[in-house]
Amino acid sequence: MADETLTADAADAPEEVEVDSARAAVVEALGAQFGDAIVDSHIAKGDLWVRVAPASWAAVVRFCKDVLGFRFFDFLSGLDWLNNPDLSGEKVWDLDAEPTVAEPRILDRGYTGGDTRFQVFCRLINIDTHVGVTLKVDVDEAAPHLDTIVPIFAGADWHERETWEMFGFIFDGHPGLRHLYLPGAFEGFPLRKDFPLLSREIRPWPGLVDKEPMPGENVPESAAEGSLPDGADAALPKDEPKDEPKDEPKDEPKDEPKDEEDSA
Amino acid sequence: MGLVPGYVKGLGVTFRTMTRRAVTVQYPRVKEAPAPRARGVIALSTENCTVCMLCARECPVWCIFIEGHNDWEPPRREGGKPKKGFVLDRFDIDYSLCMYCGICVEVCPFDALFWSPEFEYSEANIAELLHDKGRLVDWLQTVPEAPALEVGAQAKKGAK
Amino acid sequence: MSVTTDWQKSAYISSQAADARVNVELETEGMTLNIGPQHPATHGTLRIVVRLDGEQVVWADPVPGYMHRGHEKLCEVRKYPQVNTLVNRIDWLGSFANEVPFILAAEQLMGIEAPPRAQYIRTIFFEMSRIANIALFLGDMGVQLGAITPVFYAFRDREHVLNLIESATGGRFHPNYDRVGGLKEDLPKGWIDEAKDVMNRVRRFCDELEQLLVGNEIFQKRTRGIGVITPAVALDYGLSGANLRASGVDWDLRRDSESPLAWKHADWKVWTHPDGDSFARYWVRLQETREAAIIIDQLLDSLPAGPIMAKVPVKIKVPEGEAYVETENPLGAMGFYLVSKGDLSPFRVKIRTPSFNNISICPWLLKGVFVPDIITILASLYFILGDIDR
Amino acid sequence: MLAVDFTTYGWVTALKVGVVLGVIPIGSLIFVYVFLFKMMSHMQSRLGPMEAGPHGMLQPVVEAIKFLQKEDIFPARADRLVFGLAPFVVIVSTFLLYLVIPAGPSLIVEDLDTGIFFALAVSSLSVIGVLMAGWASANKFALIGGLRAAGQLIAYELPLILAVIGVVIQAGSLSLQDIVYAQAGGEIFGFGAIGNPFVLTQIVGFVIFLMAAQAELAQTPFDMPVAESELVAGYMTEYSGFRFLFFFIGEFGTAFAFAGIAATLFLGGWYVPGIEGGLADVVGPLALGGKVMFIGFLIFWIRFTYPRFREDQLQRIAWKVLIPISLLNIVVTGVLKVVF
């Protein structure tokens, strides 16, 4: 993959040079106009990312619309780069094991990534030259404020309401930041990574795997300390390696006998 | 037809349709056969199933419940050591949850699950939509032959 | 269509003037009306709070969210094949067309290209889901205006397209046929000639609707000059698809963005209309349905032989990176912004749906409009609730 | 034992009213079955109801029973008295229309000298019923529907009446029986074989009468009051049970009656060329039935094909288009009447 940080004036990676003259020109124009407000830009696979300093967010968007001709407002949304605690619920129900706390490791932030946990990104398209730009801006966690672009693009109204509702970023100057999808009394911001997915917390995972002794074989010590209550509910895999809960939990003991409790 | 005013042409269309045969098929008496590849219900062949739980794990809506236990199987060659094997106790698919996406049929490495275009198994009580192993095996008879592929197609190696 | 653009100007001025006139006249106590969430005119559960003065709308505010299923959150906990089943339930009428942009985004990150035969068949199914989607709208616009008959023709002819999709993919509404790197299976025998005569039926359906509605003076009187959207406002709100092309903006992602699908192998025309009113939107969609039938015929003739699936690992892990792919879905431009951290399930999926932007223009568009015209304008914008609420 | 003399005027009228009361439900049921169930569905390439009775014949009866056994719900904040009475007011105007329609030389309940005048006066009674229903059901959609209905029905009364005046001038009498005889007897430029059905000379009046009748029945393209896609069911939204059945019968009964009046005024009523006297009493109703079916076909054919007008377009057509043309028609008929 192309290297992450690509300062505006650095020579593009050779194989992209002839492909993206149009996009490079956009980066040059932005750099010329705003200087260091354009913190970072990245061109990959025929697409353009530009990260902007939070202060000049609205100014850059207006500049893109009026001068550079990005008149089509595509969408605006938020990103949360906290690492993904095991939302998927595909974990073994280890009743007596202490819950693994997701250590707050902030992942590196993809293309033109900043250093804060949250980011807002908005995409504009230039209809005539078919060039699309994704403008990104960092939003710090403590005071997630950003000025609104509704005066520039009237269509951003709903998008900002949805981003406020899902991530908790406050858009200063927005005509009416109220709930779009969620009921009025909903607290919490669903699309943040630390917001649990309740439907998967409650039900145990049917694809559960645990070990059960071969009948007639000498009973392994695991079954000695307390017989499995009719084998239905307490699934206690003893020799299960406690690895990263997120990735593929159990595919190595292919011929392992499977037993799991059924909760249907 | 330029000079015929719009509303007269409209009347013409409705009159023409009135004179043509209606397309309704009166379902209980006349039944239309669904396409051979239609995803109506999932059939299970217990011989192939090795209780590997892949289908239960890959199902997006967690509607497959499998239970099995270890058992000694008679040795294949006489005098040989009894082979460690596993027996499928319970294989339920809850059709009230299933969304007919077909991931389980695809992901099964031992071709134990098949699609059958059967669709007339609606129940009054939703609990009966939980088909147990017996019923899933019964569906096997309704599984059609895989239809021949279009000209120019390359048959996949282990075409399901 | 020898239509001058004064329709555009006069309707635009009248709608602004209506706003001024309303609060000057006799101080009648306005009435707040709730259209929806259970209302025949909304495709699903959209509620519009409308404040009326007599029969004229003073203020309108659509309230989405009755069908919010949290797609973006669910995508983060599903593996890639599972997201495919989730994704074709967003715009459930043209559901194969939803799978394509997501799969293209994943393929772009993985650097995989599906074999040409798969690209052709993907484009054929893409255009077929366009026909299935827009055919229902062409009939439904009639019902919203009171003509009960066209919607039955739409359902009758749409049935054949759905049967075609079912015979090849297995599912009528949710085909789940697209895979990263190609397609699940190849077409069954005899499918191409079946598709040919269904396309003739679709053409006959378009002619019938042209005679029944488009030519009808009452239909024209009810839709011309109603709900006029000027190109500048359409671009501001991010309207896409036929709504944008009906305002005279010549932009079609099938031609303008370099997507790996097979549109470039067929020659077809992008239809636009200068007026930007409800009639223009209906007319452009009717021509697009005919164009889709033409594209499918050409692609069916030039379908290359060969494999259907590229070499792809069984367990799909998309390498780290971000990609945004947008395609011209039946309702408008639908895009997937895929962020991947290189593991089994995507890290973040932003789903850009056309109806979300198309409906966000309602507060501006419905001001100063008569009650029956609210329904005309909503029907002409043609949105699906799954698209708005995700 | 008191010898009851059946030939007195009282009994004969009671007998006739009994026959008419029998004809109306059967007539509207036949209308509903043939047009709303069968013709509409075949026009939409579907079969329509097939289960109840052979080819779905008993469907209207089954439908009526369904409505009767449904619970008759009154909305909480409705004005109970007015809400309850509204369907009856609408039904009254339908039943009164049948008094003056002649089905044969002697088959008429009451041959009023001012027959057509009475019919048109009575047909405007339903506006009151509709307004009562709209206002009393305390439902926003019903209120809008009721007000629209009032505006529309009143606006289309005038063209209805003016269209009829042309016929009256040519027939020289207001009584429907005389109009039928005038059409039977008259001839055009000496060719009198099939009589002179006024549709030939009064084609303008016929078209305006049909359009106005379409509007009186609140049918597409004039069905603003019952616009399904906006007002759910207009003034009938809150009704259920047998009250809704009354509205339903009212709608199709009036359609049957208007078709009867149109057939009598323009297509020569029960008159069949070459049949006189007693035989006409037998053939008359059949002939009238045939003509009514034809006009019903026209009305419903238009209903299933066209979208609906918007409120202001509707009014503009009534006041600025239909009334001037019908006035012109009267003048032309008057002049021609004098000249010939």
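Which chain is which? They are A, B, C and D, in the order written, and residues in each are numbered from 1.
Just so it is clear, a contact is a pair of C-beta atoms (placed from the backbone, for glycine too) under 8 Å apart; a residue touches a chain by one contact, two chains touch by 3 or more.
Since the structure is predicted, the reported quantities are computational estimates derived from the model, not experimental observations.
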If I rank A-C and B-D by number of C-beta contact pairs, which comes first? A-C
With centres defined as the mean of C-alpha atoms, identify the chain lying farthest from chain C. D
Report, in whole Å, the distance between the mean C-alpha point of chain B and the mean C-alpha point of chain C. 30
How many angstrom lie between the centres of chain B and chain D, each centre taken as the mean Cα position? 55
Approximate Å spacing (C-alpha centroids) for the pair chain A, chain B: 35
Would you pick out the residues of chain C that each touch at least 2 other chains? 78, 149, 153, 156, 212-213, 216, 218-219
Within chain B, the set of residues that touch 2 or more other chains is 7, 10, 13-14, 17, 23, 58
Please output the residue numbers of chain D that touch at least 2 other chains, ranges allowed. 43-46, 304-306
Footprint of chain B on chain C - complex, ascending: 78-79, 81-82, 84-86, 117, 149, 153, 156, 163, 166-171, 174, 176, 184-192, 208, 211-220, 303-309
Which bits of chain B are touching chain D when the two form their complex? 7, 10-11, 13-15, 17-18, 20-24, 26
Once bound in the complex, which stretches of chain D touch chain C? 40, 43-46, 140, 144, 220-221, 223-224, 227-230, 232, 304-313
Touching residues of chain C toward chain A in the complex: what are they? 64-65, 68, 70, 72-74, 76-78, 108, 232-233, 235-238, 249, 251, 256-258, 315, 319-324, 326, 333, 335, 337, 339, 341, 343-345, 347-348, 350, 352, 356-357, 360-361, 364, 389
Chain D to chain B touching residues, read off their complex: 39, 41-47, 50, 301-302, 304-306
